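Quick heads-up: structures coming right below.
Look for chain A in each of the two complexes below; its partner is chain B in the first and chain C in the second.
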Partner chain A sequence: MGEVWLIPAIPAAAFVALLLFGKYLPRRGDWLAIGAIAASFVIFFPVLIDLLDNLDQPDFTGGGRAWEWVSLDAFNIQLGFHVDQLTIVMLAVVSFVALMVQVYSVAYMRGDPRYGWYFAMMSFFAAAMLTLVLADNLLLLYVAWEGVGFGSYILIGFWHERRSAAEAAKKAFITTRIGDVGLLIGIILLWREAGTFDISEIFEFAEGGGYSAEYLTLAVLLLFAGAVGKSAQFPLHVWLPDAMEGPTPVSALIHAATMVVAGIYLVARMLPLFELADPVALSVVTAIGLTTVMMSVTMGLTATDIKRVIAYSTLNSLGLMMVALGSGSVTAAMLYLFAHAFFKALLFLSAGSIIHATERQDLTELGGLSSKMPVTSVVFGIGALSMAGIFPLAGFWAKDEILNVSGDNQNWVVYVFMMLSVFITALYMTRLFVRTFTGRPRNHHAQEHAHDAEPMMTVPLLLLAALTLVGGFVAFGSVGEALGFPGGFGEFVFLEEAEAFHFPWDVAILSTLIAIGGIAAGVYFWSGEAAPARRAAQSLRPVYRTLANNYYLDDAYQWVINHVVLAGGAVIGWFDRNVVNDTAVDGSAGLGVFAGFGMKFLETGKLPNYALAISLGVIVISIVFLVVSV
Partner chain B sequence: MEWVLFALIALPLGTTLVFMLIPSRYSQLVRYTALAAAAAMFLMSLLVFIRYEFEGGSGLRFDLQLDWLENIAFLGENGITLHLAVDGIAAPMVLLTGIVILAGVFISWNIDYRNKDYFILLFALVAGVFGVFVSQDLFFLFFFYEVAVLPMYLLIAVWGASSNFGTFVRTKEYGAMKLVLYLVAGSVLIFIAIFATFTEAGQGTFDLPVLGEATYGETFQKTFFPFYMIGFGILAGLWPFHTWSPDGHVAAPTAVSMLHAGVLMKLGAFGILRVGIGLFPEGAQFWSPVLMTLGVTGALYGAVSALGQKDLKYMVGYSSVSHMGFVMMGLASMNSIGVTGAVLQMFAHGVMTALMFANVGAVYDQTHTRDMTAFGGLANKMPRHTAFWTIAGLSSLGLPGLAGFIAEIHIFVGTFQAGYYWAGALGILAAAITATYILRMLASAYFGPFNERWASLKEMRFREQSASVLLIFFIVFMGMWPKPFIDRISETVNNLPGIG
Partner chain C sequence: MIPIENFLVLSAILFSLGMYGVLARRSAILIIMSVELMLQAVSINFIAFAVFLYPDQFRGLIFAIFVITIAAAEVGLALAIVLRLFRNRATANVDEVDILKW
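Our next item is the complex of A and B:
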């Protein structure tokens, strides 16, 4: 199977076709977009089988292929594709979730005036995301990285008539772009010493001691800045909750399952460099990840928009994956990424069904939906329990593995905070479920016509729910072997040496008890009229307000933008106009005019004046000559 | 094929004569004549680009040498000749000029006031621009340089627009005068340096290939390189000699802004490369840290200034200062990646800034304001216009797949390779600031709820769309398949003296 490049190329071709001819196609060409991503999903299987057949060959590139795009001296950008285990996991996630989301979108986006444009951009995004995971060199990865960012920009701002959507799109692009400044500098720094962008060649160069430790540490931390932006880690996480302005299927695909995990993928891919660098690099990864976790779980407690709560849970999950990577475990991070893609897409798409049915998305207007939307409530519950880490759902196995590896690191601060986050996660996911589906409806008007969505939307939900139920078992060696893999997830996804999945009972039991405690507390606080929750909010007013205002980070950033960035722009603009131009440029011109004005008084027109000037001149010149010659 | 370069200069000059024969009441005939001539120029420039033959070395293609003055007075063999040729640097620039003039004629269609005189001046300007790019004779290079600059005065002072910004007023006369006087000041420096070069070489000729073979003392190079650097740099918007540019753009009519930012500013950068670096590599090496500092300062300063603007044309004008700062960074890197990037950026910026000005003009024609805060939700009324603006903006902020990225990545890589880590990092930061001002503008003027004040707004006219599509084609083409550009440019750049 040497045609891996077809996987991104087919959706790319679909994008071009939809852009040019979309409005002439029946149904605006939605079938073309779905057909393209389905084709990519189908091609994924021979690629997978090919990889399994060749696992023992170290130089196997999965039928990768490269075309020269830019070539100038040492500066080469290849359109190079490469398949390994890490890529395979990402390919599976991206192509499957993209397919599910696009099928779901047919019903969800029906009747939208820009229906065709939506599917064109979905194809564009899929092409860029698939290129990102297949790229064999850092610059192509960067190209795709910016490409998914652009797709996200357009799709967040898809309903750009809404001021909030336009602002959210802008915020997402600019915030991630700040991280990308670091990413690009880091890539160029790696290139400068190694003379190549090729990832495996950079690894060889680094293992040969090509980079000094400080240089490599700086470079990987700059790469990590890119991941912080894209994967919405503290302090650049602020764009992700706002990004919920996009259509809900977009949130499911881009802001849960695929694009936001690109940063995780990047760090996982480059982990050998992080390990060669100073240990401080991985400590930074852990610290940033843990901060993100703690901030997001607490913010999840107070948010009332159903999509924003799920967005905070995404931040929570992304932070957990970063903690896993900070502990040096690609397996744990990728297992969580794999499981998360399914249950988070499930949560978002179920939320989409709720929004579609009720046209409301604020918890204060929902409630009591389980009788109206039984299927949705069950699949949503599965997703929520998986997020909370309850046995035997996918999220349980993945989260436990992260707890294990962070516990292995002997860092008790990390471990304690991780356990605390498990409790709060269960707490706010319970709150979300309880406030949405149980109790009495708070807005009867919204509930009147609510019902489970049509099959076009429900089938993807059921498929994702099924995967959430069983997906976690891929962690086990025997399950993997039964499916034809050389062991479990851990043995499959390795970079240097096999990293087996391990399952200490003590951690599992402890985390399960904590999660159940969280659920129980959630039920206590928020069921019925949620009186205990109100009392808690009343008595902890400053805490509540801090959380409800997202730790005032958005306000702080806005202040910096208004009073530093934009004010700086205004000051420089003023300086340019008044100092550089009006003073220096016009001033020097005015000086010329003034000099001319002064000189004109020498033009008296009287012969004696001129004769005097000539005589004086002769005398001066004579004196000068005398002085010089002597 | 040697005739093609001569024809490229002769055609616009000849067309000005044709215009003079057309009675000015036939304004439609004037327009179609202009369109036909511009289309012919575009095709010829395309021909020059496509038929450029790779032969290795720094060979000159389409080489044509017509004697003018020799063996008299101070002139020796081949003293002053009309020596026309293109190399890999000039070929994309010729193409750029062809593209922008064709788009400019489309945009100039609605000039009603004395449109014959307008086109005469515009075509004289274009003849000068082509002349600079293809001249291999320093005398004619300077001659054409002046031919390109001077019509600007009348074009802005007669067909331009004065603006009152509340706190300050910029009249078109002021903009025109400042622009031309400033550029003439640069010409004085160039003029001095040309005679110094001629004398030091002692060959009795202005022929550039001959001058390039001559040897110049190190002190001489270090003394006179700044004359070229600043003299040409003024036209390239080199910080801090850039202030003619935003005011000039604000005053100029749309098509003049397009040519001006799109092509004319490139003459300056081209001059630094062809004459400054080409003749005085050691001088350039010595001054490159200064050029790098000025370039990166301009890139950041322009971007931050653009962030502070409300007027669309000022924003684009400052963004030009910023992007020309990238060109300076590329030149200052003095290695093949960076210098190639500089030439790529000249092309990329030329096309995308022309597109930006064309789009500003399309809105201004209908609304008579350029204040971005006065708009809102224009995407509802002008979806295609919004798409064009977005593409221009995305190219400008360096989105992969569009021309700006290809150019900027070369410049950044070249800058890092030359060891200017700080400058490379600040340059990348400037590109991120570009994203900020472009997206802020799009969000406030084009997205969000529609401002009913503009209910009568219509989509861009067909000819304006044609111009935009032409420009976008090249933005996407270069972004997707940069190889034809890179191969041509690098073939020549690698043979320049002093380029590591």
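Our next item is the complex of A and C:
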């Protein structure tokens, strides 16, 4: 199957077509965007079968062809595509979720003045994301990486008439750019020694001891900085909650299922380098992941915007994946990524249904929706239980895999914090569900006409809910074999050696009990009038305020921007205006003007003056000549 | 034989007179005449040195003839310009002609 390149090429072509002719197409071309991503999803299957047929061949690359991009004497850049198990998982997630989200968007975005532009940008994003996961070299990966960042920027700020949306788009772009600079430097560092951007060649070079340990550690930490920005890890996580200003399907696709896991994918892809580097590199990954988990779960307890709560749960999930990667397990991280894509897209899209029906997204104005929107409440409940890690949903298997890995590593600090996060996750997901769907409506006006959305929106929800129900079973060896895989997830996606699915009952029972405890506590705190929660917030006022203000990180960053960045910018701006512009540029121009204007009065036009000047000139030159020559 | 200094002094006097004329006179015709005077001073120099240094050769004298020829052509041109000037401005006073000034 040499047609791998078609997978990103078709949405890219759709983007170009929509950009040029979208206005003239019937229905503004939404069918073209959906058809393109559906075609990519269909092409994915022959690629998968091809890979399964060739699993025993170590240098199989999926037949992706390579293009010569830059060809100089000693500097060649080949662009190509590469298919392996990691890529396949990402392709499945990205193409399927993108398809679901675009179908859902048809109904959600109906009547929007920029309907066609929305689908064009969705196609652009899909093309960039698919290129990112297929790239066989870091340069192409970086280009696609920036492409998805740009797509995210446009789509967060899709309703840019609203100032907060424009600000959120800017914040997301600039914050991720900070990490991207690290990524670019890391790529250049890897290239400088190895002389190639090709990922597998870099691995060979590193395994041959081409990099010194410190050099490699620095390089992978810089790569990780890129992942921290894109995957919204502490301390660059601040953009993701704000990114909820975008349309909800965008949040489902970009800020839950695909773009934010690009950082996870990057670390998973480059994990052999992390393992070769100093152990501190993986410790940093674990520490950052765990910090993100603990910050996000606590912030999720106080946020009142339904989408922001889900955004915090996304941070939570991304942190868990980073912890798994920091423990050196690609299997656990990718299994979680796989499961997370479905249930988080499900959560976002159900939240979108609620927002669509009530035009409210604040928990203080919702409540009691389960009777009005039964389908939505059921699928939302499935998503929330999966996030909380309840048997037998996808999130349960994935999270237990991560708990196993951190338990196997005998790192009890991590383990204890992970268990704590399980409790708080269950707590705030319960809060979200209880405050949205049960109790009495807090705003009757908004809910008068609330009802389940039309089939165009509920069918994707049901499909995603079904996958959330059964998706976790891919971890079992027999399920994988029945589907034609060599075994369970762990025998398909792994770093060095396949690991069969193992299921330590103690971890599973402990985590389930903790999660059920979290749910029970959530029901106690927030059901009805939520009096216990109010009392808790009263008695723990400083804690509550800290959480509600996102640990004051946004304020701290704003302070740094105001007092360091802008103050430094003011100094540079002063230098630019006064020295560079006024003195150097305008000054030299002014000198020319002054000289020309002043000198022109020497041109009197009168013959005797010229004659006199010539004569005097000759006399002076003669005298000089005499003096010098004597 | 007349010593060369005499020729040189004569040439210098003629040149200075011509220069004075060019600088001091206001009439275009007189300026042209003064220029002629300067040119002839140079010619005298050429002939004097030619005879003095290479009496049996001819090439210094050629220059004098060359200068006279050029001067004749130049006077023709200059008089034509002055004629046009007089037609347009009704004056040949160079002080009153400054259309090329800033």
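The rule we apply is simple: the second predicted complex is superposed on the first by the 568 of 630 C-alpha atoms of A that agree within 3 Å, B and C clash if a C-alpha of one lies under 4 Å from a C-alpha of the other, contacts with A are read in each partner's own complex, and residues count from 1 in each chain.
The criterion applied here is as follows: contacts are C-beta pairs under 8 Å (C-beta built on N, C-alpha and C of every residue); 3 or more make two chains touch, one makes a residue touch a chain.
Given the structure is predicted, the values throughout are model-derived calculations rather than measurements.
Peer 1: Could you let me know whether more residues of chain A are touched by chain B or by chain C?
Peer 2: The larger set of chain A residues in touch belongs to B.
Peer 1: Per the contact definition in the header, classify A:P279: touching chain B only (first), chain C only (second), both, or neither.
Peer 2: neither
Peer 1: After lining up the shared chain so the two structures overlap, which partner does A:D73 touch, if you call chain B first and chain C second: first, second, both or neither?
Peer 2: first
Peer 1: Give one of first, second, both or neither to describe whether A:A611 is in contact with chain B, with chain C, with both, or with none.
Peer 2: second
Peer 1: Is A:E603 touching the first partner chain B, the second partner chain C, both, or neither of them?
Peer 2: Second partner only.
Peer 1: Quick check for you: in the superposed arrangement, does A:P455 touch first (chain B), second (chain C), both or neither?
Peer 2: neither
Peer 1: Between chain B (first) and chain C (second), which does A:P374 come into contact with in this model arrangement: first, second, both, or neither?
Peer 2: Neither partner.
Peer 1: Can you pull the chain A residues that chain B and chain C both touch?
Peer 2: none
Peer 1: Under the definition above, what is the set of chain A residues touching chain B in their complex?
Peer 2: Within the complex, chain A touches chain B at residues 68-75, 139, 142-144, 146-147, 150, 153, 157, 160-163, 165-167, 169-170, 173-174, 177-178, 180-181, 184-185, 188-189, 191-192, 565-566, 568-574, 576-577, 580-581, 584-586, 589.
Peer 1: Could you list, by residue number, the parts of chain C that touch chain A in their complex?
Peer 2: Per the touch definition, chain C meets chain A at residues 19, 22-23, 26, 28, 31, 94-95, 97-102.
Peer 1: Which of the residues in chain B come into contact with chain A in the complex?
Peer 2: 168, 178, 181-182, 240, 243-244, 246-247, 301, 304-309, 314, 318, 336-337, 340, 377, 379-380, 394, 397-401, 405-406, 409-410, 412-413, 416-417, 424-425, 428-429, 431-432, 435-437, 439-440, 442-443, 446-450, 482-483, 486, 490
Peer 1: Taking the complex as given, what residues does chain A use to touch chain C?
Peer 2: 600-601, 603-608, 611-612, 615
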